[in-house]
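Attaching a single structure in structure tokens format; questions to follow.
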Amino acid sequence: KDYTISVVAGGSSDADSYRTEAIAMAADILMREAAVAGESLNIKVEQRSYNNWDDFKQAVTLAAESGKAPNIVVTGHEDIAAWAQSGLIVPIEDYISLDSWPVNNIYPNLLNIASYNNRVYGLPQDAEARPFFAWKDHLAKLGYSAADIDAFPDKIATGEYTLYDMLNDAKKAQDMGLVEPGYGFYPRVSNGPDYWQFYTSFGGQLQDPQSHRLVFDQEAARKTYQFFIDAVKMGVTRKNHIGTPWDQWYAEVAHGKAMFWHGGTWHYARYTGKEGLTDFFGNIQFSLIPAGDRSGKANTLTHPLVYLLTDQKNDDVQEIAAKLIQIASEPRINTLHAIKSSHLGITKEQLNIPLYANNRWAMEATERLLPYASAMPNDTDFGNFWNIYWKGLEAAWTGQKTAEQAVKEAVTELRATMANSVIIR
Amino acid sequence: MRSAKLPFVILSILSVPLALMYLYLLIDTFTISEPGSLMPRGFTLEHWRFLWQDLPGRANIWQVTLNTIIFATITTTLVLLLSSSAAYALSRLNIPGRRILLGGAMVLHAFPSVTLLIAIFLILQYVGLYDTIAGVVIIKASLELPLGIWILKGFYDTVPWEIEMAAIQDGASRFYTWRKIVLPQIKPALAALAIFSFLASWSEYILPQVLAPGNHAQVLSVYLAGLIADDSHFDMALFKSVGLFYVLPVFALFLIFQKQLMNMYGGGTKG
Amino acid sequence: MGIQIRNFTKRFGQTTVIDNMNLDIESGEMIALLGPSGCGKSTTLFAISGIHKIDEGQLLLAGEDVTGKPPQQRNVGVIFQSYALYPHMTVEENIGFPLMIRKEAKADIKRKVQEMTELVGLKGLLGRKPAELSGGQQQRVSLARAMIRRPEVLLLDEPLANLDARLRITMRAEIRRIQQETGITAVLVTHDQVEAMSMCDRIAIMRDGKVLQYDTPEQMYQVPANDYVAGFMGNPPTSFLSGHLEHGTFRSLEADVQLPLPVLHSYSDQPVRLGLRPEHVRLEPQSANTATISFIENQGRELLYDLTLADGSVIRTIQPVNLHYGVGQSVHWDIDPHHILVFDEQGDLIHAG
Amino acid sequence: MNKSTSLGPFMLSPALLFVTLFFLLPVVMTAVFSFTTMSTATGITGGRYQISPASLRVLAGDYQLPELARQLGQQRYHIDDSGLNILREEQENTELVDEIQQKLSGQSFTQRRDLERALRQLNHRPRNVRKIKEIAEAFQHTVGSEPFDSADALLKAIQDSGVTLTESEQQAVIKSSYTGWHWSLENYRRMVSLPDTATALFNTLIYVLFTLMLFNLGFALCLALMTHYLPPRSGAFFRGLWLLPRISPPVLYVLLWKWVAWDTGFLSALLANFDVAPRNWMLNSATNAWVFIILINGFVGASMGMLIFSSAIKAIPQTQFWASDVDGASRWQQIRYIILPQLRWPILFITCYQTLSLLASFDLILLATDGGPGGTTEVWSLKAYHTALNNYAGNLQYGYGAALAMVLVVMGLVLSLLYLRVFKFDRLVSKPRIEI
Amino acid sequence: MGIQIRNFTKRFGQTTVIDNMNLDIESGEMIALLGPSGCGKSTTLFAISGIHKIDEGQLLLAGEDVTGKPPQQRNVGVIFQSYALYPHMTVEENIGFPLMIRKEAKADIKRKVQEMTELVGLKGLLGRKPAELSGGQQQRVSLARAMIRRPEVLLLDEPLANLDARLRITMRAEIRRIQQETGITAVLVTHDQVEAMSMCDRIAIMRDGKVLQYDTPEQMYQVPANDYVAGFMGNPPTSFLSGHLEHGTFRSLEADVQLPLPVLHSYSDQPVRLGLRPEHVRLEPQSANTATISFIENQGRELLYDLTLADGSVIRTIQPVNLHYGVGQSVHWDIDPHHILVFDEQGDLIHAG
């Protein structure tokens, strides 16, 4: 039998080529299996990657509306909610057994992230975490001993070292002239999931575990907003930091122009690759995002991409696609992607794959970060929810509003926009 | 004729920022200077490598350029065809509601195309032109119509009635008169509009991106946009080079056809 | 093919431009529509050609009612004031256009164009575009284009207006010759009376959408229906003099003029206007009427004198160059009674010598 | 085709067809969308009926039926005879059915996954995951969260699960479980109630007014006038230079501005020589941001006016310039009294055309400041884009986006009608001189 | 204010349009530049006004070298061939423009415009736009605009070309009167010799950028420097006849013409061209020269006959209307020897009667 399976990946650059190639490899394996079993099966895999998320999502949704959806979509897990509700995708658990290999080896929290309405819609394609970074040399000059620096991640993990401690150190570093003003704390330059980490650091919760409803914690939001206001006030972060060009930012953080910053596990590839930082571990310490204050907790956020199965109105095709996804999630195959693109693995067994195990970054990051990783909830209203949160943060950061005002307006807007589906505390 | 010194000086001063921007753009594509450095250093052709080798994972630049040329050319042709006939009817023919139609053409321009995309998509989808170059061409041409109609109408207004009368007297039908007698009179305007539409189509990004997302017919704007989203491998100098490559043909086109393009205005009112 | 215009009325919006006009043009005749700007000459032509709709009335060509027919179905050739040549076509294409429309054979067209260009004297210019031609040449292309399909009616809208004096004289003769040779019925619109007189069999003088007089040039020159027509005919123009008729003598006290008009002895105390043509006003030392020369214009072989009378009114006389009067000189003048045109107060002709 | 009354429609129809199909129809559809709750999640073309946590929340909250919601929300699988009979009827593998009866009879499961797991333990288990799913479904005693294609199917499934509904309950369940869009005025209500609607409107006003006046008209005029007085060659050069922003791809063009304005950019580097601390000139303050937004858009916008005005000046007969020279007019007087009055119509045209262009455009702002700092430069169209088309979390709100777009359409419509009236555009239509 | 043009040369690219021209115009004089289209008349005007730069040579106004001065600094009024009215201004604004530029008081401007419009007969049209005026009215606006600031030099580029005959005559007189009254130095460009003769003190006849003759109208009419000038002067135009001069007699065998020219008895077998002015050609039954009437044109008070000679060449005669000849009729003609112009082969004048 002949099948053509198309796979489309969003937000992918050259380093992410295994997102789609893994499916092609899986097809090869599946065909060989069929041949061994004496069946004739012929699968052709069409691959396509998009750099730009907006374009990708637009293309996929419009293609789906016109009945031309690709069979497999690689996208952020947050799309599951909307796409599942609109019927664009079907649950993968209808086609493969969750108890089978390698699905049963996937980290359960990742599999959870790929679920909606209690059903598993896709398999995680990769994992990552969003660490907090510090430039070791600056830490040393601030007076931290080598041992202190090594213990830094632990101090953060326990909540001993908070975000405000960090601001103070940053200020000190600036005053000492280690970094220029505004470079003490040098966050991500555009909106992104990273900014939920601070909300979590201040004790915020995104989803109510019982009702699965979104939660807006006013106090946590206020503290988060205030934190950035304070950072600006102390001069360690620029008021207009948002909007700085990415390539400038990368070049700066990779060469010690900043004291503290945060990013993603994949930054490792960029620092050591294009930016030419040869000794990553000698220069940069990484950890969880510190707790906001004593009441909050250190955390990190993972934002896995997932393989999703689109509704083709043809169970046979969907089943083949599901099988391909299943095979592509084999530790060996997934490791190719994880290492090449500096992401983290999805299965426990990957730690036993030499390619993975020999990669210091992958191993350390997996150990240090992944167990603490939370994720954004899958909810159709989450996009709106996020926009509103971000708008408030940006207004506070740039000095347009006080933290209180910003929270108040966010609440007003939340009430007006999504009434029942959000719990406002 | 009087001296042109004063306007030259003023204009030069006003143009400095713009000229600097593009000058440094040019310099950056041929050197290895760091971003933000004022003194260029280290000549290289490295950033222009896309011209002779395909970038990994991307279409061949020449194929993409060809696609763009085809896209722009067909769109331009369509704009010319549609607006030249519609504008003639509005300018010269005795049809009820001319006033309203002409006003309508202007009002059309008020519709923000981006926000209508979803609806446009559904229609294209319904007529089976979604994800085809033909679909994008049609939409782009429709968007350019109001301007085309208004410009050409102004020109039709200036064609002397007498030659049209003469042709009719000589036995030609109105339609034939339009095609063989009136149309040749507004050639300069057609040329201007053609160039203008070509420029506009050349730089169109959203429409091909959204309405023809398939890989088969990538245009330059989409190719270029594809280069930036890659935040871990973003190569600014390469991006600038491709950008310059994208701008240069149309810039040359403008310089060559500037005389024709300067015929954008055909009058229109005597008040 | 004769043309009959019956009760023709044309309105643009509220304004009536042609008011119930009647005009009979015989087959093979060439007539002129003469009148000041805006009197409706072009409008009349447009009606005949079919470009304008007729609001009221009828138009007959060769006795057939063509009122509702479009221009394409009337065999009418038009020469426009501005020639209306097709700027993008060569002379050859311009002239051949009406034949091409009819889809005649290429060879035929070529031959006919050849003939036509010889007729109008354009040989050797066939490859040029209108912009490369002089006014006179353009004129002739326009003529050739109108003639080539042998129209039964030729309409000419100020065809000579843009030509210089010399060319105009030549073209006048040319057009008239061709018209007479081919026996076409022609209507010439002009505001130049010399043109109208020299080219046409009959002239219709129009004012404000009405025909004032429709007559042969000689008749019109000699017996103008009213002072307006008299003023229009004659070059240099007729001078007018107001006064009273008393028992066979015209008198103007203010102008200090007295002229015998024995034929009109029956009138007494009749206010009249005299029309005096400059060519009939003589400088006669014996005359009792005096005037002062206020301006002399050299017209080449003759001189035109402005004679200012006692009341400041001016009459003109044209005289051979060999007389030597100067500006400011006082002269005596006279005119033969049978050359005097006499109009009543309304301007209608009472008597022509 | 001799009569203009028949030729006219004929010649207009192609353009009319295009415009109707691809311009008017989308507008009408957008207007329709704006009264719906359409989003990625609801799909565009239709929905299904699904008992999901969200729908149960609505049922419990909006319809005050918490007990029903609880009932429907239950998941229960019970191995009983009725299920086995169904399997037998469907002529399933009898050995398997027998084994189920033997080993599992009487057992209950709250998760399908658990039942499936149990089934997979059996000796005669099917190889196929889908088969197992089908078998499990036979024992389902609740509606579950499967989507149904029609309301009737859903109701029937509920009935089958043993829950009887009253008429009103049925309606409530149908409404709350529908995943597609429905009619609603919500979009407009929401728009009115949000505080930054007014801000966006005000921003739009500033943006359109300043860009239009300063650049699209003012600077365009300056360019046209100055290049007019230059020798043809340098005139062409400057016009070409100023056309560059228009023909450059926006991403590249904005990048150049960032190169100028950012804290590592040209301006900072240049001013460093004068002891001015480097800063992000573009985002330093709301005022700065506006200045740059207007400059960025203005540089692009000026070229269109420049082209139209230049060619309009070119169309003025040369003798008029001579005449005014001879009459003693200075260059300024020439501009003031000869050129400008004759540019009346192109100026009106550009005003009209560019107002509408500006109203609908946002791409440069998006790339330059993205509405920042802190939303101070977010104009209406950008807001529409942000809220409706640019949603990180994938759920694009077509309905709300359409409502925002409709506001723009209405603004444009009103403005253009106003322009058409005020500028007496209808005078442009003169009566044809060929009356057939 | 006198004008001196010294060795003026003007080139457009490669082509030399004016070639080393010299012209002296006295203060208060009105001269005409007469010549065919494209001979450089307008170019000369543009040089005087300062609109064009001078490639070589000098221009003196009132003895002062103004070669390098811009138009704004020369007090020169220009009437353009196409009028160059400002289409967006009313008649009043158009005429007042030069004064407004000088920032004269509003009331003054109004008064002067009033005066000026009365002078040129435009009263009542002050509120109109140029597009609403007839050609003649536009012409007069242009005149008024040029005159209103009392220029010392007035340049008129074919100012009467678009007027009808009657208006043209009136305007000729008017312009001349104003020019004489105000003592303005004026240069009139025209290709109409009647205009040049009737209005100007002196005429410069140009061809191909050169001045052929610069003289008073009478002198030019009676003693044209060459056949070209002769052909240009006179209305209807001079007819030419080629032949030989043999001992005091002109002979053309082909045309079967023999005319005595006793004054020129010294020439023998000299090829010559005769210039015969129509007004001097007489129809004389006794004459031996015969011809056939090939066309008759009614000019109102006179008739113009085309006489075709044996070899097909045509000469013309103008005769009073009372003679009754018909087309095709054979006639005898003659001319007084002292009215004959004789030119040599190069066209230069040998003898004028």
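When the chains are written out, they are named A, B, C, D and E in that same order, and each has its own residue count from 1.
Everything below uses one rule, namely that a residue touches a chain if its C-beta (ideal position, glycine included) is under 8 Å from a C-beta of that chain, and two chains touch if they have at least 3 such contacts.
Values in this document were obtained by computation on a predicted structure and should not be read as measured data.
Colleague: Given the contact rule stated at the top, which pair of chains has the most C-beta pairs in contact?
Modeller: Here the largest contact count links B-D.
Colleague: Relative to the centroid of every protein C-alpha atom displayed, which chain's own C-alpha centroid is closest?
Modeller: B
Colleague: At what distance in angstrom does the C-alpha mean of subunit B lie from that of subunit A?
Modeller: 40
Colleague: So how far apart, in whole Å, are subunit B and subunit D when each is placed at the average of its C-alpha atoms?
Modeller: The answer is 23 Å.
Colleague: Using CA atom averages as chain centres, what separation in Å is found between subunit A and subunit E?
Modeller: 92
Colleague: Which residues belonging to subunit D are in contact with no fewer than two other chains?
Modeller: Where subunit D meets two or more other chains at a single residue, that happens at 2-3, 44, 264, 344, 389, 433-436.
Colleague: Tell me, which residues of subunit A touch at least two other chains?
Modeller: Only 53, 58, 65, 245, 248 qualify.
Colleague: Mind pulling the subunit E residues that touch 2 or more other chains?
Modeller: Touching at least two other chains: 70, 87.
Colleague: Quick check on the complex: what are the subunit B residues that touch subunit A?
Modeller: On the subunit B side, the touching residues are 35-36, 56-57, 121-122, 125, 130-131, 209-210, 213, 215, 225-234, 236.
Colleague: Please output the residues of subunit C touching subunit D within their complex, sorted ascending.
Modeller: Per the stated touch rule, the residues are 50-53, 70-72.
Colleague: Considering only the defined contacts, which subunit D positions touch subunit E in the complex?
Modeller: 317, 319-320, 322-330, 333, 337-338, 341-342, 344
Colleague: Which residues of subunit E touch subunit D in the complex?
Modeller: Touch residues, subunit E against subunit D: 46, 49-51, 70-72, 76-78, 80, 82, 84-89, 97-98, 100-102, 145, 149.
Colleague: Residue numbers of subunit D touching subunit C in their complex, please.
Modeller: 2-3, 433-436
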